[in-house]
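Next come the structures, one after another.
Here come two complexes built around chain A, the first alongside chain B, the second alongside chain C.
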Partner chain A sequence: MQLTRRDAILMGVGATFMTALPLHVSAAGEDAIAAFTGGADVGQGDIKLTAPEIAENGNTVPIEVSSETATEIMVLALGNPTPAVATFKYGPLSASRTASTRIRLAGTQDVVAIAKLEDGSFVQATSTVKVTIGGCGG
Partner chain B sequence: MADGVKPRVKVPKTASAGEKIVIKTLISHKMESGQRKDGDGNLIPRSIINRFTCDFNGENVVDVVLEPAISTNPYLEFEAVVPESGEFKFTWYDDDGSVYEETKEIAVE
Partner chain C sequence: MVSRRDFLQTSMAASAILGASGFGQWGRIAAQQTLSQDQLLQFESYGNVSLIHITDIHAQLKPLYFREPSVNLGVGDNKGKVPHITGADFRRLYGIEDGSRSHYALSSGDFTALAEGYGRVGGLDRVATVINQIRSERPDALLLDGGDTWHGSFTCHHTEGQDMVDVMNALKPDAMTFHWEFTLGSERVQEIVEGLPFAALGQNIFDAEWDEPSELFPPYKFFERGGVKIAVIGQAFPYMPIANPGWMFPEYSFGIRDENMQKMVDQVRAEGAELVVCLSHNGFDVDKKMAGIVKGIDVILSGHTHDALPEPVLVGETIIVASGSNGKFVSRVDLDVQDGRMMGFRHKLIPIFSDVITPDPEVAAVIDEVRAPYADALAEVIGKTDSLLYRRGNFNGTWDDVICDALLSEREADIALSPGVRWGPSLLPGDDITREDLWNVTSMSYGEAYRTEMTGEYLHVVLEDVADNLFNPDPYYQQGGDMVRTGGLGYRIDISKPQGGRISNMTLLKTGEAIDPAKSYQVAGWASVNEGTEGPPIWDVVEAHIRKQGTVSAPENDSVEVVGI
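Entry: the complex of A and B
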């Protein structure tokens, strides 16, 4: 088989894509987001994430999520060894789409809340939390 | 692993019909994340509560999937509406297959 100049360029382009793609997808946080949204676009809007700016102890960081029209809210800590934190599904008898809990954070990082709204769209809110002592026992 | 697991739930005793009430739940559980190592450098296997549900008279209020990033003694706070008198049922599902349950009566005045 003869390798023309054109073939060589195409192979080069292909190789670049092959290496760039896994790098992009390997971020576990993005995987978790894609699994939740099914690849849909995530906008800004009806979701509020309340988290402290500075948490002295990463073992127990209080957070609160709230939304007006969400049916499901997923919380992610992008800097943790496993980014997923919790997923709240609201049933017919929930009075409001809010929830508070306490989470572990391995270090200073972004906490993300993604809500699935009643109309099927997705919105997200991000909050950066500074952590003095990490909470994953490393 | 079911030793020392004790659910605690705070629900008002009475409410008016359709009122929004706040429910606070806590269960004592070590929530071993599976990331920590023991003295010999071996990983301590994960052992957490992985799901929590709250139902009122058979209708769902909230269904939560918990991951290792939830703190020890998982605490959850949320709001519910009570259309009539009845019973809240809280269920926690452990990684080891155990299920912990707690019920609370509420009267509508």
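Entry: the complex of A and C
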């Protein structure tokens, strides 16, 4: 909300307008999903995505994915200009099929994790992460 | 065979009946005679464990007036549910008689008249008397402080929280969790916490760099009370670095972290906890949602959103207790814990009527001592009000109208923005405004009054952003404050719409013209969360304004049109 002079300058170039509205899925995101799944149906199941509801800092948002039986987990930030975040691969000897990292989010958007399971099926988990310009607590 | 669930519900019904008749009786007593301290504290001990909850004191050591909100709208699943029921509707729901003490303490409506009749509320020396009384019946009762304790007054600001630490230490709490405390800056918080004679808890206080649990704030603590092993798990305010300046405590990360909460509950149960209590600063709706997700919490002592509820709310097998703010209430919760299960409870939200409850002399002495060095500054009269000045309400409060007027005139701005915080006591028409009163509604560690240019489009973004913090239908996306207050700017809000579609009809009040998205406006405000914000302190700005006015007025404010309720 309230702004410093520096923000006002940034605003002039429209930088902070990105926080205005939830960003929508770009064609690039849909393409990436299609390439990963080969067009197969994506269900719910053995994939867990942990992300904050509201980002403390949109430039570095901690996320974690985990699954018991995934061979690959792809993470996408669907509202980013470049949605691809990472694809993690696991083999039969993987001690745990978990990964955590920090990602940059251009604004409020859905982060999605799609896992390819050992049986060849695909499952996904989605989490909306809000990037806000801050407010005033009680 | 009575199941635990039946038991809880029976006991809930019993408490509801007890509560209702109790409230009705209070009404009659008020009409007939003066209420005594004994009546106020009357409570038949129950079970084997007592919890005492106080929260969101905001450094209010002395008795005060505090008007509850008349507008507190709920959205999504919480539409029309407590605490989003106000005024006469609230009284009908709980069987509270109009004009009774409970009307005055718990709901809005006829506030000025009732305040003149029933007097001030709160005062930590009175709170001490109540706590001592409970302890005389239950010597091992647990006293739990929900946070927002070391913030909110002239003396708290000037002693960097030391006044509150000294007074609270005299009350001997067993554990505490946090929110505004962190706006003292991490160094000061660490200094105080390291010396606290009680537990500083927060399962969701993490190290920002490594995203690991913070070492200074343990997630929980065990207590043996009444032969029961009790685990108290702390839950700090989840959105501190967003709602408050994160740059003041960059070492810490928060969040709801309900998965970790579940892990902690499972862990304490595995270690033998027979009763699990969550001392929370989530806010009421967030606690309700969390109670539906995390299994195994018996009691949530809820803070942050300043709601005062005369009965706990039951979610599954968890009871949620909301104990108000500003030292106005103390909750007592007695529990019967048998064979590792909570079998029933008895609850009372005790309003601290300052004229009815005798101050505890020891704590009164500590309060006098911490205030003595500032006595002259606190008492200095800077003006008068001919209106009721209060803050609570989703869209405006008369105190904020005065602050916005001050920003517009003293900072020569088109538009003023004032944060939608929920702390700050009320003043009655005809009251003097002292420096203490002014600081009670403005004091904070980032009170610089900035002046900047914003385009109409950006102002819209700001209003939409704050509105979503309040009216997102999912409580986990709410931060628990109220709408940013606007001076010189009118708008229409449809609370049923999603973000981006709520705010319309933005109008520059001084000309009556529609706000032009492309045009720049001079905007004055305060409490920016951004580092490096420049400007005079807000209390100086408002003091200068009040001194010029002599007597301030806050007429009816109809600049915000609310639809979609």
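Note that the second predicted complex is superposed on the first by the 104 of 138 C-alpha atoms of A that agree within 3 Å, B and C clash if a C-alpha of one lies under 4 Å from a C-alpha of the other, contacts with A are read in each partner's own complex, and residues count from 1 in each chain.
By our rule, a contact is a pair of C-beta atoms (placed from the backbone, for glycine too) under 8 Å apart; a residue touches a chain by one contact, two chains touch by 3 or more.
Since this is a predicted model, take the numbers as computed values, not measurements.
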Set intersection of chain A contacts, chain C complex versus chain B complex: 100, 135-138
Complex contact set, residues of chain A against chain C: 1-8, 11, 16-17, 19-22, 50, 52-57, 62, 100, 108, 128, 130, 132-138
Partner chain B, residues of chain A touching it in the complex: 59-61, 77, 80-96, 98-105, 135-138
Touching residues on chain C, where the partner in the complex is chain A: 56, 148, 179-180, 208, 211, 237, 239-244, 246, 253-256, 259, 283, 304-306, 417, 419-423, 450, 452-455, 457-458, 461-462, 464-466, 468-469, 472, 474, 476-477, 479-482, 484, 499-500, 523, 525-534
Footprint of chain A on chain B - complex, ascending: 20-21, 33, 35-37, 55-56, 59-72, 74-83
